[in-house]
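Next come the structures, one after another.
Here chain A shows up in two complexes: once beside chain B, once beside chain C.
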Partner chain A sequence: MRVDIKGFAKPLVESLIAIVIGIVVGGIILAFSGYSPVKAYVALFDGAVGSKYGWAMTLSAATPIILTALTFGIGARTGLFNIGGEGTVYFGAIAAILLTNLWGNILMGLLGGIIAGIAWMAIPAFLKVLRGVNEVVSTIMLNWMAYFIALYIVLQKIPNPEDPNKTIAVPASARFPIIMKGSELSWAFAISVIAALITYYILWHTELGYELRVSGYNERAARYGGINPKKAVIWSFLLGGIMSGLAGATEVMGRPPSYAISQGMANIYGYGFDGIGVSLVGRNHPLGIIFSGIFFGMLKAGATAMQIEAGVPLEMVRMVQGVIVVAVAVPGLLDLLKRVVRR
Partner chain B sequence: MIEAVISTLIGALTAMVPLVLTSVGAVVSERAGVVNIGYEGILLMSAFFGAIFAEITGSPWIGLLGGAFIGMLLGMLHGFITVYLKGDHVIPGIGVNLLALGVVAFGIPAYWGTAGQHQVPTNFRVTPIINTPYGSLSPMVLVTIAIAILTHWVLFRTPLGLRIRAVGENPEAADALGINVERYRFLATVYGATLAGLGGAFMSVDWLGTVTKQLSAGRGFIALANMVFSGWNPLRALLGGFIFGFFDNLSVWVRTNPEVQRIIPWQFVATLPYLVTLIIVAGIIGKVRPPKADGKPYKRE
Partner chain C sequence: MKNKGLAVFLVGILLFSVAVSGCIGGGGTETQTSTPQYAGKIAVVYDVGGRGDLSFNDMAYLGASRAAKDFNLELKEVQSNSESDYLPNLRSLARKGEYDIIIAVGFMMTDAIKQVADEFPNQKFAIVDGFVPDKPNVMSILFKENEGSALIGALAGLIAANDGKDRVGAVLGIEIPVLYKFESGYRFGVAWAEDYYKQKTGKDVNIEVLSTYTGEFNDPAKGKTAAQAQLGQGAWVIYQIAGATGQGVFDAVYEYLQSQGKDMGPPFAVGVDSAQDWIKPGVIIASMMKRVDVGVYKAVEMAVKGNWQGGVMELGLKEGGVGVSTIDDVKEMFNSLSEETKKQKLKELGFTSEDELFAKLEETRKQVPDWIWNAVKELEEKIKSGEIKVPMATTKDQIEALRNAQTWQEMEELAKQWESS
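So, the complex of A and B:
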């Protein structure tokens, strides 16, 4: 396997610049809101990577968002803006809870996530192929429908009779083994890394992946080369659905202590949106996504420490993520910066 | 019976406002060739800042203008990246949407010290012009209708409108005629975002009277769907906005109506605006055509 170092360097530097811009702008907003940016960021990064425990929390926070980032990344490589990961996560989690309660093992739970992911993502896929519906609009509408339908299931169909704050739990026999005792890190993390590696393999080392990428690069060229773009669209959505479905499944099977969906779906909400940022910073490349996923995991894990130690609302990291994504959109960020510096 | 009709009508007209303002803005922006999917975030952020402006100054109208101002700033950011830097049209929109989630979720506890939700006091809200026992009509409804009609007139009946449409259909030809493609595209983008900002502030200081981190609730995207539905036509966007507003209002009404909740779970009714949007978009696509150069960066040869 040959790796093109030079081709990687520029996007890497640009992503790093975007991250720095995000952190700086976040700091400015913090200062304006009356907080100490230094104190906040020190608490954040110390909490995230200052200890073994911090690293464990960082990696466990990275687990679902690497998977949801793969959803967006696979879509982007096919020329699609698939932002339906959010809704798919809910159904992946629900399906995993249901199936593991029928058959108490990990494989059944993962299968549940995969099936739910495929089923829910099939809707925007077929709307796109059959009716030409723009996936940005359809997946957002489906996210909202998923939110309310999942809320109904969580509240009415699978509530925990002993604890009104959550749903029934994944049985102990279907939970991922914990890697570090006392932390939230389980072997579910391995699932997301493996998923990213498989995605990389599929996209760059199989015929299907070639077809997906060519369709994304230039639809007309793809058609000319005998590739059916509709097939690419369907595969892109279904592979993406699998990833987000797995994100939901691993979240309830691999994240102590609850192993269930908590009230208001708080513990499975927002991963789809986080994944978009992770993918864009990782340049929609599965290997890049692993690293940017760990970085965003760092922000998430450190946010709690920041809230406790610096009193800054933990939602602040979401703001930083938003700034980073806007900065990523600036084309030729590196060249632009060079031009500014030279002046 | 009459009461129900009046209250439904007023409710739909009210719920129509943010959708129509955003759709009409999006029509102008895309007619000039700039795609912006960041309206969801613009609605949310301007709702948040609109409420702050209203509470600081004591005037809901300044709140509305403040929201429009925030929209304008975000429009300038989008226009700068897409028009002048020739960046991708979709990614900055995604960024603004994510940014808004963060800013508002961070801002509510940071500014008001409450978790998740802030109620805007009634004395900072817009006074209705018509009060009936079945609901009240905001002056913003009339403003919205006026803006839609005026925008339609400018877009299709004036030289300015012709130029806006030209840069979205055929920027090369427009450029050859001496039209400053970049300037028109930039200003059209800013106009679209400003209208969305006005619509966002309307939600917090007039219609819903509250700020939450889910306040926009997909309306930015419903507005985009409505824009497609309208065939990039402001007057049809007004009509479509009324239809979408009806379902939007219906779902808000059902969520708070215990009678209905006994028959059907509120969560199912809450999916209605989104389901209707999907069905309408799936039903009419193929009959409409976006402006030719929509979403394509224009680089001078």
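So, the complex of A and C:
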């Protein structure tokens, strides 16, 4: 596999600058609000990567958002603005719980996530191909439908009879083993990384991937070159569905302590939206997404330490994170806008 | 050439950031050194509801901060962004090994507490509303909501009977066991009121309890619709047990009163968890207070004074863990708000001073004759002394059995059966 080093350099430097700007602006805001930015950032980085446990927290927080970012990234690379990852996560989680309770092993759970992801993403795919429905509109609406359908299933169909605040749990035999004892980091993280590597391979080293990317760059040129853009749309949605479905599945199979979906889906809510930011920071590139996912994981893990060590309230932590994310996402967003405008 | 410029730019930004944070941050570190010497440290982990909910989490803070002041402790607070933060938050605190006690607020943290309690057997934990009975280093702070709700039931039932009405209501959140505890107490209280009224006046009354589970704790619109439906069916007092959904119940009763040209009930609403009476003066006759602050304070006290005991700490009427709000309770709750919030709230409610607000609340309570308030007191004493046992349903079957029971004696019989099994 030949990796184009030069092509990576520019976006990498841009992203790094953005991170620095984000950190500085966040620091200034912290200082003016009466907190010590030095103390806060030391706490953030020490908490996130200063110890083995910090790394474990960081990587476990990165696990689901790498996968949901791949959904958005694949879409962006093929010219789609696919924000349906959020809803797909719910069904991935539900399917994994159902299948592992029938056959108690990890593979069945992953299969459940994949099937659910494909099935749910097939809806916007066919709407787009057959009826020309804009995917932004359809995926936003489908997210809401997914939320209420999933809520119904969680509350009415698979509640835990001993504890109605959550669903039945994934059986012990189908849970990802914990990598480091006494942490939340499980081998589900490996699934995320492998999924990103496979996505990279498909997009840059197969004929299908070439077709997908070409349709993303310029649909008309692709058609002229004999590529069926409808095929590209369908593949893009289905691959994206697999990723978010897996995110839901690995979340319930790999995150202690509950291994179940809790009331209001509070433990699986929001990953799809987080994934959009992760993907933009990673410049919609599967390998970039691994690193930006870990960076977002750091911010999440560091938030705990910032509260404990520096006394910075969570609202403030979130705000600083927001500034960093905006600063980092700007170049990626500009890229995407440029492409959309050109289209 | 271009790269060199970039590098210079980067270094510049870094230097600038260090300089800025150095000079502005300096002030913060100085004040740190002048903080007093603490005798220990305690930590509170809030659930996703977080501070500012005017109820559960704020009450926990009230208790923890009072204990921190009384026992000279440093208080650390940690909020949770989402549910997957519970375990990392608790672990990060426990790993330090420097906290006298770590308090988790909310039953959603039950699984996480169980896990960290096993990993850190020397760390003391407490969980509010969660049930972890079998670990020596975990104290479960539970409340006898059924006892407090029984008093509300008695109050509601007697108000309805006195006005010749035959229905009262309850608007609840999601159908979970904790809420069955509220509902069973309420039903018991209403049945007790029927009996009391008959003995006092010789008249037979039959008061029906309407209960609606809205399925939401955070949807005032749903609460309003549910309350409007109950008012339409003739409910004379509505007890809200639904968190923020209950705001809609207050609104519905308020609008109903306005449409009748009244600015004071009956019909009334009843608040829950904290003394909510001030939120809609004239509408809310009283609140069922769940003293999370008392529970948290007691847990901290036990942890630092050395008489720690793991297991379940259940706080009922006798222990001051639940009760019907008094005007003084409302004053305390209102005064725990910041000056700015207080001013704004007074303005919103159309009062020029606090005294006016409290005068209105006093007047609202006068709409209910003294003998009813005394009857509620009487029931309270009987429950405290153990003479009367309030049922506490925790399963679907139990609550169904209770809904079908006719008299309070029948319900008490059920309570005894459940206890012995």
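By our rule, the second predicted complex is superposed on the first by the 284 of 343 C-alpha atoms of A that agree within 3 Å, B and C clash if a C-alpha of one lies under 4 Å from a C-alpha of the other, contacts with A are read in each partner's own complex, and residues count from 1 in each chain.
FYI, a contact is a pair of C-beta atoms (placed from the backbone, for glycine too) under 8 Å apart; a residue touches a chain by one contact, two chains touch by 3 or more.
These numbers come from a predicted model, not from an experiment.
Novice: Contacts for A:R213 in the overlay, against chain B (first) and chain C (second): which applies, first, second, both or neither?
Specialist: neither
Novice: Mind working out whether A:R318 is in touch with chain B, chain C, both or neither, as first, second, both or neither?
Specialist: Touch status of A:R318: both partners.
Novice: So, does A:G132 touch the first partner chain B, the second partner chain C, both, or neither?
Specialist: In the superposition, A:G132 contacts chain B only.
Novice: Once the shared chain is lined up, is A:V20 touching chain B (first), chain C (second), both, or neither of them?
Specialist: After superposing on A, A:V20 lies in contact with chain C but is clear of chain B.
Novice: Touch test for A:K10: chain B only (first), chain C only (second), both, or neither?
Specialist: Neither partner.
Novice: By the touch definition above, which chain A residues appear in both interfaces, chain B in one complex and chain C in the other?
Specialist: Overlap of chain B and chain C footprints on chain A: residues 35, 155, 270, 313, 315, 318.
Novice: In the complex, go through chain A and note every residue touching chain C.
Specialist: My answer: residues 13, 16-17, 20-21, 23-24, 27-28, 30-32, 34-39, 41, 47, 53, 57, 61, 155, 164-165, 182-184, 255-258, 262-263, 266-267, 269-270, 300-301, 303-305, 307-308, 311, 313-315, 318.
Novice: If we count contacts the way the header does, which residues on chain B are in touch with chain A in the complex?
Specialist: 37, 40-41, 77, 81, 85-88, 90-92, 94-103, 105-107, 109-111, 213, 217-218, 221-222, 224-225, 228, 265, 267-268, 270-271, 274-275, 277-278, 281-283, 285-286
Novice: For chain A, which residues count as touching chain B in their complex?
Specialist: 29, 33, 35, 81, 83, 127, 131-134, 136-138, 140-145, 148-149, 151-152, 155-156, 270, 273, 276-277, 280, 313, 315-332, 336
Novice: Would you pull the chain C residues touching chain A in the complex into a rising list?
Specialist: Answer in residue numbers: 6, 9-10, 13-14, 16-18, 20-22, 24-26, 28-29, 43, 48, 50, 76-85, 87-89, 91-93, 95-96, 107-108, 111-112, 114-115, 119, 174-177, 215.
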